[in-house]
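The structure appears right after this line, and notes come after that.
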Amino acid sequence: MKSLIVINPNSSEDVTRGIDAAIDPLRKLGLPIRCLTLKEGPKGIESQLQADLIIAPMLALAAAQADAAGYVIACFGDPGLHALRDQTWLPVVGIQEASVMTALTLGQRFGVIAILSRSIPRHLRAFGAMGVLDRMAGDRAIELGVTELADTDKSLNAMIETGKRLRDEDGADVLIMGCAGMAKYRAPLQSAVGLPVVEPAQAAVSMALGHISLDLSHASQRADHD
Amino acid sequence: MKSLIVINPNSSEDVTRGIDAAIDPLRKLGLPIRCLTLKEGPKGIESQLQADLIIAPMLALAAAQADAAGYVIACFGDPGLHALRDQTWLPVVGIQEASVMTALTLGQRFGVIAILSRSIPRHLRAFGAMGVLDRMAGDRAIELGVTELADTDKSLNAMIETGKRLRDEDGADVLIMGCAGMAKYRAPLQSAVGLPVVEPAQAAVSMALGHISLDLSHASQRADHD
Amino acid sequence: MKSLIVINPNSSEDVTRGIDAAIDPLRKLGLPIRCLTLKEGPKGIESQLQADLIIAPMLALAAAQADAAGYVIACFGDPGLHALRDQTWLPVVGIQEASVMTALTLGQRFGVIAILSRSIPRHLRAFGAMGVLDRMAGDRAIELGVTELADTDKSLNAMIETGKRLRDEDGADVLIMGCAGMAKYRAPLQSAVGLPVVEPAQAAVSMALGHISLDLSHASQRADHD
Amino acid sequence: MKSLIVINPNSSEDVTRGIDAAIDPLRKLGLPIRCLTLKEGPKGIESQLQADLIIAPMLALAAAQADAAGYVIACFGDPGLHALRDQTWLPVVGIQEASVMTALTLGQRFGVIAILSRSIPRHLRAFGAMGVLDRMAGDRAIELGVTELADTDKSLNAMIETGKRLRDEDGADVLIMGCAGMAKYRAPLQSAVGLPVVEPAQAAVSMALGHISLDLSHASQRADHD
Amino acid sequence: MKSLIVINPNSSEDVTRGIDAAIDPLRKLGLPIRCLTLKEGPKGIESQLQADLIIAPMLALAAAQADAAGYVIACFGDPGLHALRDQTWLPVVGIQEASVMTALTLGQRFGVIAILSRSIPRHLRAFGAMGVLDRMAGDRAIELGVTELADTDKSLNAMIETGKRLRDEDGADVLIMGCAGMAKYRAPLQSAVGLPVVEPAQAAVSMALGHISLDLSHASQRADHD
Amino acid sequence: MKSLIVINPNSSEDVTRGIDAAIDPLRKLGLPIRCLTLKEGPKGIESQLQADLIIAPMLALAAAQADAAGYVIACFGDPGLHALRDQTWLPVVGIQEASVMTALTLGQRFGVIAILSRSIPRHLRAFGAMGVLDRMAGDRAIELGVTELADTDKSLNAMIETGKRLRDEDGADVLIMGCAGMAKYRAPLQSAVGLPVVEPAQAAVSMALGHISLDLSHASQRADHD
């Protein structure tokens, strides 16, 4: 039986476990979902440099999954999204793209909770390429390093504070968590801020399952038709 | 057990049957899906006037479904989308909005195949409100009346010709069928034009099932929290 | 003799009286102007749900005015604007649309003073459909309920404070009152904030009189020509 | 008694007479309207260079009108629009800006009929500054020189042909005449193309009369308040 | 030997000297660069009115430079940019346009440090005409008058404070000095704010030298080809 | 002495030689310019997959140039542009970005002459990220394969034909060659089409020399300051 393959392109097994738990409610839809860790990746992807360098091993890992029915790239920034679409006919969904498309059906202006502010220009390039900047309220960072992120109270509080600024200063009415592996904060964040919160891996797996069920393939392979 | 309720806001049972067949591949995801016809609706919705006038009976029909787990409004134009979100906490997905969000994950510029050109300004207002006009290649009508639409060869040929113009003159690399109930044309259209084709009711039901599974609610109810 | 018909789609006679007083300076232009209250409307329109539900009775009220030379829909949100254009060849102007077009000739970035923040997503959808978001500085609510709005000092002070935030934090150089029936605050607001202030019913009646004088009809009836 | 001053910034008395006839239906609104020719202007304004050079004499001509209640600058391109707003508190309306704002209330996408294609980049800079490019269907030139423009049949036919291309190839549902002094073609053009046609001097005078009646002043003088 | 001609369109010799010093590092690229003061200009250009009125004498001054290899217009606002392009085949670069294009290669969102807030609407019209508003973080004024600008400590401190607000409140990651003649503040400003800072005269001279070396001419002369 | 390093990320020495010849006129500005071929690259870069895979070796090649004063990435598509900025403080210019910024100073709407239509979605994502889509007239491919590109007459004719369509159908008034190594066609193309033509390697080297002379560094290193 075929499976949806979710690739965490960083090498943190903790993040992969977080993703696996996040998407568990979607397993009831019937298709097996396997979450893989890219062992060649860095502990976390914090720059365009790191994002670009994981593409080659990620493509190889993807190609090695003989049972793949489709792929989710589970790093906010969608590294290698279009490269993987060039490599395969199967549905490929990126968590950044999917979380934005999902948020656009839940509110009028989305706010992004980033980890580090140095990622924000990267996000903005992506939102510009998606053509959705008119729907963005803001993108703000909690600005926590790896050690601080291990402190769950501190992390949640920073997300809540940032979410409230996105709501009150920027006018967001739906929030996107700009990072994979933090789904456990979704419910308390939503409750504290009073806005819908999109967890990107959930949004992407949900979209990928739909694409697979409907046999929806992307345009990147078009030239092979001609 | 709860069901996803799909409302066809026109009174054509044929269209409802077409929608029901279109979304059938998504029934394997587990949630019951019930497709309803709005008997108060016109035979087809061709103007903003008709679209606005079905909102009141559609809201009543929606409110009467005690088993609803969520709703899909199955008319391209998404009449009453935000009104229904004002009425209920449950997920509400419009087929126009969902088809655009889905198309944005499959190609860079979408083309819309409309039935009548008089609907195009209405579509453009909606795409402007969605903030996605930079991703639209074009919106072109097959310009067939009701009698001609009953001729399936003629309809398919007109869609193929229009799809090729959207591809060659406007630069579309993904197509959206701008009408519910025509899913049977999706495969041959896709094959003839060589581009992915999004059938809007399928896209919306797929999104709605994801929203229900993830317990994703929209922002319209936010004020009730405050 | 024909008249311009101004319809207040909520059932508050006070609001209608406020609109009537607001547009009085335009009576010197020669055309009779009659302001009507939609008795089927709610006391105030605060949601998309309420806005959509007044369309049917408003269309009926409009159709019953045998002496109409044109119409103004006097609710910020322009409910039924395009439906009424589908119903009649006569000029139809919405106060939201007209106030924005007027503001764009008075300053570079407009700020909107809304009553309740829950209306803002609705405004943003409309401004997106109008394609004018690059000219919007911000949209902020005074957040006063019906009882508080009866207190004129409190209302004016809230508008002045909100106008100053739009000017100083958002960069607005022209303000739009995002509500009908409050023209009495226009002069003191303008004076206190030092920016031009557009009262939407005035803007719409002014435009409608021009359209009538020039025999300018809208595009919605185009299909009937073909 | 005060008058609205309409300045034709080119030196062609014929054009001024055309403008005067065009705006005649608006004289019934009560305010005197005087149309002036800028004798220092060129025969026609076809470049940014010519447009910029008429600003100084136009400002002087405007300043010399002691009875002015407001101004209309009657050249498509709105030369000196913001300079004149810097010079006076009185309402100042440009025919390009006013025709666009008017068209936006009549259709979803406007098409512009220009005289020469070399003016189109100038138009596009203006539409970009106005922030309305998402509403523009196209801008096409009839490409007729002065001698050919004297041939009324040839001119009208070229406008009709260009208007049909804007409608059929570009998707315009409202047209703007990109030139002053040609109001006599408006009715037959509208009739032949089946779309509303905005004559820019009419649109501007209509707006200016409204601004004067409502005592609406622009933001350019704001700094003098501070 | 030909020279690049840099025209300061205000009459302040101090500003011209500041520009001359600013572009000195570019003299090593080989082409002589001559900086001229427009004696007919005002002491400083603070309004659209002043900007428009210098165009005629500036065009004459430009035409009188027989050795010109190209031109830079050294006033933020680029007065007469397109008029001068209409007058000559030689490369013409405006410091506002060039500084924006340069900033877009250095960061994702630019912030502008203006002198007076009354200039900001003028800037926004220009950025709209350039089509780059999605890349603008903000435009904020130091709000200093001529006397205060003579105080270098006060000026630098105001620029640093404004630069930090653009960085922290608006999200700018590259700054543009919205005024000519202040290059001496570039290094300390950059160092204090920690963002790249573009001095517009430097950016424009650099671009102009490239255009001259590559024999790149602009499109304004196109009609003369036809 | 330091040098500007130009990296051709494909392995074709012919293309490198074409780039070297193209930028030769800029050597007179004084800084040595060295053009390198990335031997690990494919013969040509035609997909996002190929573009992404050259980033790792290109970064290594860049890091190995001890004499670098700055870098130009000479592939239309700018692979690794932001990754290289993450790796070095030195100026880094991409030919796609630089050609667009240059074209924006030469005309109002740019047209891109691509080699293959399958590259166009990639271009559009980049133009969207740059925020310049409102200035794009069109992007059209000559659709020639490697063998046909060796035929210079055929290539030039295809470029001229495509350039004329961009000019006449899409409204371009400046053209960008969407490929490195074809500078020899620039002059005849410009002459045949009558529009300015930007060769991207020339534009990028010109910008890079300016950035180096002015000591302009990018924002990507900002976090290291903090």
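Letters are used for the chains, namely A, B, C, D, E and F, taken in the order the chains are written, and counting of residues starts over at 1 for each.
We adopt the following convention: a residue touches a chain if its C-beta (ideal position, glycine included) is under 8 Å from a C-beta of that chain, and two chains touch if they have at least 3 such contacts.
In UniProt terms the chains read A, B, C, D, E, F = Asp/Glu/hydantoin racemase.
Just so it is clear, the model here is predicted, and its values are computed rather than measured.
C-beta contact counts were set side by side for D-F and A-B; A-B has more. Comparing B-D with the candidates A-F, A-B or C-E, the pair whose contacts agree for more than half of the residue-numbered pairs is C-E. Look at where the CA atoms of subunit A (Asp/Glu/hydantoin racemase) average out and do the same for subunit D (Asp/Glu/hydantoin racemase): the two points lie 50 Å apart. Taking each chain's centre as the mean of its C-alpha atoms, subunit B (Asp/Glu/hydantoin racemase) lies 41 Å from subunit F (Asp/Glu/hydantoin racemase). With each centre defined as the average position of its C-alpha atoms, the distance from subunit E (Asp/Glu/hydantoin racemase) to subunit F (Asp/Glu/hydantoin racemase) rounds to 26 Å. Across the assembly, subunit F (Asp/Glu/hydantoin racemase) contributes residues 107-108, 121, 125, 128, 130-131, 133-134, 173, 219, 222 that each touch 2 or more other chains. Contacting chain pairs (ordered by label): A-B, A-C, A-E, A-F, B-C, B-D, B-F, C-D, C-E, D-E, D-F, E-F. Those residues of subunit E (Asp/Glu/hydantoin racemase) whose C-beta lies close enough to touch subunit C (Asp/Glu/hydantoin racemase) in the complex are 120-121, 124-125, 128, 133, 138-139.
Remark: subunit D (Asp/Glu/hydantoin racemase) residues 47-49, 51-53, 55-56, 59, 80, 82-83, 85-87, 116-118, 121-122, 125-126, 128-131, 133, 219-220, 222-223 touch subunit E (Asp/Glu/hydantoin racemase) in the complex. Remark: subunit A (Asp/Glu/hydantoin racemase) residues 25-26, 28-30, 93, 97-98, 101-102, 104-108, 130-135, 173-174, 194-196, 198-199, 202-203, 206-207, 209-211, 213-219, 222, 225-226 touch subunit B (Asp/Glu/hydantoin racemase) in the complex.
Those residues of subunit B (Asp/Glu/hydantoin racemase) that touch subunit F (Asp/Glu/hydantoin racemase) in the complex are listed here as 107-109, 134, 171, 173.
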